[in-house]
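The following blocks contain the structures, represented as C-alpha cells.
In what comes next, subunit A is part of two complexes: it sits with subunit B in the first one and with subunit C in the second one.
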Partner chain A sequence: MLIDRTHRPWAMASAAILALAVAAYIPYALGTRPGGGTIPGLAYGTVGFAFMAFVTLLALRKKFPIWRIGRTQTWMRGHLWLGALSLPLILLHAGFLFGHGLTAIMMWLFAVVYASGLFGAWLQHTMPRRLLREVPMETIYEQLAHVREQLLDEADNVVADACGKLEVTIAVPVAASPTGAEALATVMRPVGSDVDDTAPLREFYLKEMRPFVQAPNRPHPLGDPVTASGMFAKVRALVPASLEPAIVDLESICEEERQLRRQGRLHGLLHAWLIVHVPLSFALMVLAVAHIFMALRF
Partner chain B sequence: MSDQVTLSIDGRDVTVPKGTTIFDAARLNGIPIPTLCHQQNQTPVGVCRVCVVDVGARVYAAACIRECEPGMKVKTDAPGVVQARNTLVEMLMADHPSPCARQQQSGDCELETMAKAGGVAEPRFARRLSPRGRDDSSLSIAVDHEACILCDRCIRGCDDVKKNMVIGRSGRGYTAHVGFDLDLPMGSSTCVSCGECMVSCPTGALTNKRVVDANLAGEKLDAEWILQLPVFKGVSGTFLELNQGAVVKRSIAPGEVICREGEFGSTAFYILEGTVEILINTPIAHVQQEDGAGSWFSRIRSKLSDRQQHTRTEESGRRYIPIDAPVDLPYDKPIAELAAGDLFGEMTCMSFHPRSATVRAKTDVVVLEMLRNVLDILQKNKTFRAELDRKYRQRALETHIKSVPVFSSMPADFIAYLRDRVELIRYSPGEVIVRQGDAADAFYLVRLGFVKVSERHPGGDVVLNYLGRGSYFGEMGLLGGGIRTATCTALDHVDVVRIAGGDFNLMLSRFPAIRAGLEQVARDRADMNRRRVASTEHVPITDFLNQGLMEAQSLLLLDLEKCTRCDQCVRACADAHDGVTRLVREGLRFDKYLVATSCRSCRDPLCMVGCPVGSIRRRNSMEIIIEDWCIGCGLCARNCPYGNLNLHPFTVQVPDPAQPARMIATTKKKATGCDLCMEHAEPSCVYACPHDAAHRVEPLTFFAGMLEAKDQKPTSGSTAGTSK
Partner chain C sequence: MRVRTAKKLAERIDLYYFTRPRGMRRWRLLLSLALPIAAVLWVSVFAAAGNRTTYSAGPVSSAHAFTEKKCEACHSGPLDPRTPREARGSAPLFRAHTSDAACLTCHDAPAHAANQPPPPDCATCHQEHRGRVQLAKTDDRFCVDCHGDLKTTSGEPKVAREVGRFPSAHPEFAAVKAGAQDPAHLRFNHAVHLKDSLRGPAGAEKLECSTCHKPEMVRAATSVRPLRTGLMAPITYQDNCARCHPLFFDERIEQAAPHARPDAVHAFVQQALAGYIQKNPGDINKPDAAFRRVPLNFPRPPEPPARNAQEWVARRLLSDERLLWNKTCVECHDTTTPAAAASEPPAASSGQSVTLPVYAATAMTKQWMPRAAFDHTPHLMVKCGECHAAQASTKTSDVLLPNQSVCATCHAPAKGAQSQCFECHRYHDWTKPHPVTPSYSLTDFK
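Showing the complex of A and B:
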C-alpha cells in the first residue's frame, strides 16, 4: 500500500496513542518496577494484544472480500498503523524486558514479524511504482508462461518467414550452448555465394535467442539490454539488409522477454516476504494466547 | 406510316406500337425475359445486359433498350443467348457475397435467384481482391457496396421516381460505386430515407435496418393512417410499412408520467394532442458525502464542512437549464409546458442519452412514440424540419440565447431581430462544423448534441473541450484575426444555431457589455487552452480517446502506483458473482492507471444492439444487465468493442434425448458482464481492494482531472475552456 498523505489521520492518531501510552508509562515506571503483572502492565498488554489480534484478522478479512464489514483498505490501514503500535505497547507491557523462555521466544518472534512487516510495507510502498516504471508490458503474473509461449511462437514464425522452415527439434540443447560470444564465433563465417546468407540469423536464433526465451530462469547474455544490442549488431553485419525487419521483431521480442523476467522477479519480491510474515504472525498469536492463558492461570 | 410494328419473338408473331422495346413486347405477350437492371417504373438503361436476346444481328441486343423493328426475328431462349446470360450472371456472382443480406433476410435476392435458376454454381472467375466496403452511417438503410451490381436502379429510383437527386455513380472502372451527394456516407448526405432505393435494389446492397425490439407498447399504426398526419407528409410509405411497430400512438391521462429524468430510453415523443409539463424533479443542490461511501475521516469532514463551499462561481449567472426538449427550464423553477406539435426526447432517442427531464401529462394527451429510425426519417423530412424550426424560432430561441450567461442581458428587440436571421443547422456524427485555419464567418450556439473542439498540433490533434447544449463557439475567430483557431466536430447528432458574422458584429457594436463579456470569455478560454495543451503534452489523452473511454459512463481504474497485484479485486468479483469474475486485471494503460477489462456502461451501448431475445438491457441506474433468459448466442460479446462481455459455460440439467424422462447434465453458455454490484453502495472489487488502488470513476470527471491538473475544475457548461 502506498503510504501517502491520505494516511495522515492514521499516523496522527497512532502518534497520539503512542504519546499517551508513553506519557502514562513514565510516572508508572518511576513509581514502581514495570512489568506485565502490574495493572498498568496488564492494561498495556491487553491493548497491545487487541491490536495484534485486529492486525491478524486482516488475513481473515481478505478471505471474505465481499463481506460488508468495512472497506478492506480501512482494515489494511488499521493493520499497518495498529500493527506499528503493537510492538511499543508490548514493550511497555513487558517493561522493555525480553524475559525468559516462552516470553523471550515470543519477543524474538515478534521482532521478526515486525521487521518482516516493515520490510513488506516498504516493498508495497515502492515496488508497484517500480513495476509501473520498469515493466510497461506487464501482464497478469499467472499468464507469464503462456505469454512466453506466444512469444516463442511469434519468434519462430518471424525466423521461419525470414530464413525458411526451422528445424527446432534438432536445436542445440541449452546446456550445451556456448556463451554468446562463442556462439557468434561459430556462426561468423564468410558469406559466399554457396552459403545461405540467412544462416547467421537462423543460427543465432536457434543457439541464443530461443534458449533465452525458452528458459526464463537461466541467466543469459540477452538478458542484458546492452549486451543484447551488441549481439544483434553483430548479426546485422552478417545478414542482408532485407532481414532487418525480422531482426527488429526479434529484438522487440527479446525486450519483451526481458520485461517478463523483470516482472517475475519484482512480483516475487513483492509477495515473497509474506511467506515469512504470515506464518510467523499466526505462530506469534498462538504463543500469545498461550502466554495469556498461562499468565492468568498461574 | 403505320404506328404498329410486327415482329416474331420465339417464333410467335406479335404486333406492338412503334417504339416499344423488345422486353416490353415480350412481356405484353407473356414471354418472360430475365433482367436485373430494369424495372417497369424506371427508364431502361441496359447496363446489366442480362436481358440479351438474339435479333439475328452480329451481336446480341439488350431487350430492355432495343426497340422493336418490323420483321425482326427475336430469340429469347436460344442456346447461345442462355449461355451468354448465364456467363453474365456468373461474372456478377463472382463479386457478389453469397448469400447477401437480402438473401439472408428474405431469400429474394434477384441475382442469386437468377443464378440458381440458371444453374450457375460456384463462379469460375476470381473474386476482386480489394473490398468495396459497407456504409452503416444511415439509421434506416444499410449499404453493402460488396453486394452492389451497379444496376443503377437505386439511382433512377432516387433521381427519376422520387426526384431527390441524392444517389449517383462515383469512381471509374473497377472502383465505380454508387455514391451519395458528393460521395458522402449515406448518413451524412441529404438522403431523406424515403426507402425508394432500398425497394429498387435487386440485391442486398441496400437493405432496411430494422430496429431491435421495434414493438413499442401502444397502439400500432397503419402506414396509411400515419401518412395522413401532416407531420409525416412526404415520408415514404414503403419505409413505414417496412418498420411497422417502430412508431406507436399512446393516450395518456392527466398526471401520468410519460418519461422520467435519468431513465435510459430509446424513443422520442411527438405530441399530437394536449399539453404536458416538463420538469426536473431532483432538488437542485450539490450532493455531499454525509451518508455515502468513503472513509469515516472523509465522512466526518463532510459533516463539518460548510455547504456554501460547493457553490460554483460559473453557476451564478445561469438562469436556464438545458434539457432534451425545444425549451430550456428556468433555473429557479425548472418546469415548462409543451403542447401539440412539440417533439421531445431527441437526444435520448438518437444517442441513447439518459432522459434529461420528467414529462407529465397536464391534460389528456396523445403522443406518437417513435424509435430512432423513424425520428431520423422525420428529421430529414423538409416539412417536419421546417415546422420544428418555426416553433423553435418562435418559442425557444429567446430562452436559449438568454440561457447563455454572457447573453443574458440581450434585449428582446435584438433577439426578435435575430429570430428570422439565424440559421438552424443539423450535423451528423463526425461532421466538421468549423475547421481550424478556415475563415471565421459565423458564431454558433449548440442547440442539441455534443461538439468536440480540437486543435491541430504536431503529432496529432489535442482535444480541448466537449460542448453540449447551451454552450457556444466561434467567438474567438470572430473577435481575433478572423481565422478559426480550432476545429469543431459533431460528436453525435448535433443541432446548432448559426449567427452570421455580420449579425454577430452588429450585436457587439450595439451592446458593449456583451462585447466585454465575450472578450473576457475568449481570453479565459485562450489561457485555459494553453494550459490544457501544455498538460496534454505529457498525457497521451489521444490514446484514451481512441479507446472510446469518452463513451464510457463508468470505468474501473487500477492505480498502478498503489496496486500490489494481489488480485483481491478479481477474487471479490468472483465471490460476488457465483465464482465467475466479471473483470480481468488487464487492459489499456493510461498514465499510472490500468483500465481493467470490465463493463464501462457505455453511453452508446453497442452490446444491446441485435440481441435476439432482448435479454441484455440497461437499467435506469445505468448498468448493463443480462437477464436470465439469455440464450448464449454471444452477439453482445461480439458487439462489445472492448471485450468486456464474456460467455461463461455452466452446467444445467436437461432431458435426455434418449430417455426424455431422465435428466442429464449438459454445458450451456451465457453472457456475463459487470453489473456494478448495484445492490451495494460500492462495487465489490473496489470495496475489497486493500490498497486503495481500485476506483470506479466517471470518465468525464476523470478527464477533467487529468487535463486540468492544476485547478481541477469541471469542464461542463459554456464557461468551460474552448477555442475556435
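Showing the complex of A and C:
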C-alpha cells in the first residue's frame, strides 16, 4: 500500500497518540520506576495489546473479504499506523526494558516483527513501481509455473511448425555443460524429418532455449538479453530466411521468460518478508496472551 | 507472428490458482500455523512441568535467590493458608500475588510509627524481580509518597510535614537549624585545644581531632575483630582530659583528686590530708605560707598555726576544696547549689556541716541525628575539619555538625555517593522487634 496524502489523518492521529503517550510517560517515569505492573504501565500495555490485536486481525479480514466490517483499505491503513504505534506503546509499558524469560522473548519477537513490517512497508512503497517498469509482461505470481509450461508448449509448437513435429521420448539429464544450461535439457528428436536446413534452429532450441525455459532456477546465457540477441543472430545466419518468423517468436518467448524470472525475483523480494512477519506475529500474539494471563496472576 | 492479446493472456491463467497455495504462500501458511502451535506447545510444556520461571519478571534479590524456582514461597493465592482470611474472599481465584503474610513467614517487620496511616504492602516498597539487588534499598518515592505531605492518625507528626528527596527537598538537619545549640553542660573551647602549640605533660604538643575523638568500637560475641558502630566514642575525662588536666589540689599531695562526684572528691581530699599530716606531724605548727589567696591582690593577714592535726586538716581541706570547686572543676563544669545540697549530711571525718557543690550532668550528645544513621567509618578518608568547623568554635554551645549542604557535596544525584533515603533512614522501628516463628523445612527448598 502506498503511503500518500490520503494517510494524513491516520498519520496525524498516530502522532497525537504517540505524543500524548510520551507526554504522560515523562512525569510517570520521573515520579516512579516505570514497569508493566504499575497503573500507567498496565494502561500502556492494554492499549498496545489492543493495537497489536487489531493489526493481527487484518489477516482474518483478508480471509473474509465480503464481511461488512469496514473497507480493506481502512483496515490496511489501520494495520500500518496502529502497528507502528504498538511497539512504542509496549516499550512505554515495559519501561524500555526487554525483561526476562518470556517477556524478553516477546520483545525480541516484537522487534523482528516490527522491523520486518517496516521493511515490508518500504518494499511495498517502492517495489510495485519497479515491477511495473521492469516487468511489462507481468502475470499472477502464483501462475508463473503454469504460464511457463504454456510458454514451453508454445515454443515447442513454433519449432515444430518450422522444423517438423517434435516428439518427446524420455527425459534424460544431458552431461553438464559449463553453464549448466543443458543440465536439464530434455532429449527430443524430430519424427521423420530429413530437412537439414532447419537443423541448426532445432538444435539451438533443444540444447539451449528449451532448457532455459524449462529450468527457471538455473542461470543461462539466454537470461541476459545481449547474449541472447547474439545467440539468436548466430542461428539466423545458419537457417533460411523463411524461418525468421519462428525465430522472432522464440526471441519473444525468451524475453517473456526473462521477465517471468525477473518477476519471480522481485516478487520474492516483495513478499518474502511476510514469511517472517506473519507467522512471528501469530506466535507473538499467542505468547502475549500467555504473558497477560500470567502477569495478572502473579 | 506471436501476438499477446488480453484474451490469450487470460486463457493462460488457471482460474482456481488461489485455492492451492504454492511457493511463498504455502510456506507462509505453514509457518503461520506451525509457529503459533509451537508457542502454545512451549507454554503448555512449561505449564505441565509446573515450571513458571519463564514467566518471572526477572531475577530475584540476592537474599531470595534460593527461592527463585519456588514461586509459591512468595506468590500465594487466595486458597493459600497464609493468605489472610479477609483477603481470601475479595481476590480472584486465579490470582497469586505476593502477600504480607508470605513475607512475614520469614521476616519481622516492626511498624514504622504508631500514628501512621495504614502502611502499604511489603511488596510496594520492597520490589522483587529487579535483579540481585538488596531489597532494603527501597526507592525514595515510597518514602516521599507519605512524607511529601505527612498525615497521621492522631497527634502532630514528630518530623517535618513535607520532606522530599535529598538534598533538594530535604529539610535542614534539626541539630543545625538556626538557634540550635549544643545542650551539653560543659565548658570546652575547641579552638583553644586545636592551637599549634599547647603545653602538654611532656612539653609543647599539637592536638589533632583524632587525639580525643576515636571511632566507637564494640566487640560482637561472634566476631574476632571489634566492630565499628559508626559513631564516635564518648569523650571521658579519664581517657581524653586527665593527661593534660590532672586534678591536683594541694602542693603537698602528689596524688590528683579523682574525677568523681563532689562527695567522693571531698572524702578523698580529706583522707589524703589526714594521711599527710599523720606522716608529717611537724607541719602542724608551721605557718601556712602557701595559703591560697584568691584573688591575690587582696592579701590577708597570716593566720596563727593550727593547734592540732584535726584543725590543720580542716583548714587545708577548706582551702583545697575552695581551689577545686571554684577554679578547677568549674573550668569545665557548670555548678549549681540546689537547696537539697544544703541538707546533705556533714562529712563524717570533719564533724562540720559541709555544703558540697552540685554539678550539672554533662549530657554530651552521643548521636546527633537520632532519626538517621550516620556512619563515620566510610568517611574516615575526609579530614575532620571539612565537615566539622571545630577550628573556629570557641563555645560549647556551638553545634559542630555539618549542615546538609556539606553532605550534598558528595551525596546528591549525579555526585556519585548515594543520596537515597535508605542511606540514612530506616523504615522499620527495630527497637520493637517481634519473634519470627520458623515454618519451613530444608526440603521445601530442594
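Operating definition for what follows: the second predicted complex is superposed on the first by the 268 of 298 C-alpha atoms of A that agree within 3 Å, B and C clash if a C-alpha of one lies under 4 Å from a C-alpha of the other, contacts with A are read in each partner's own complex, and residues count from 1 in each chain.
In the analysis below, contacts are C-beta pairs under 8 Å (C-beta built on N, C-alpha and C of every residue); 3 or more make two chains touch, one makes a residue touch a chain.
Every value quoted in this text rests on a predicted model; they were computed, and no experiment measured them.
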{"item": "Simultaneous placement of subunit C and subunit B on subunit A, clash or fit", "value": "fit"}
{"item": "Which of subunit B and subunit C A:268 touches, first, second, both or neither", "value": "second"}
{"item": "Contacts of A:140 with subunit B and subunit C, given as first, second, both or neither", "value": "both"}
{"item": "Which superposed partner A:101 touches (first subunit B, second subunit C, both, neither)", "value": "second"}
{"item": "Subunit B or subunit C, by number of subunit A residues touched", "value": "C"}
{"item": "First (subunit B), second (subunit C), both or neither touched by A:6", "value": "first"}
{"item": "Closest Cα approach, subunit C to subunit B, once both complexes are overlaid on chain A (Å)", "value": "5"}
{"item": "Subunit B and subunit C contact sites that coincide on subunit A, given as residue numbers", "value": "139-141, 271"}
{"item": "Of subunit A, residues touching subunit C in the complex", "value": "31-33, 36-37, 59, 99-103, 137, 139-143, 145-147, 150, 154, 158, 245, 248-249, 252-253, 268, 271-272, 274-275, 278-280, 282-283, 285-287, 290-291, 294-298"}
{"item": "Subunit B residues within the subunit A interface of the complex", "value": "295-297, 560-566, 568, 571-572, 575-576, 584-586, 589, 592, 680, 682, 684, 687-693"}
{"item": "Subunit C - residues contacting subunit A, complex", "value": "1-2, 4, 9, 12-14, 17-18, 22-25, 27-28, 31-32, 34-36, 38-40, 43, 52-59, 71, 75, 94-97, 127, 129, 139, 141"}
{"item": "Residues of subunit A that touch subunit B when the two form their complex", "value": "1-2, 6, 9, 58, 62, 64-66, 68, 71-76, 124, 127-129, 131-132, 136, 139-141, 267, 270-271"}
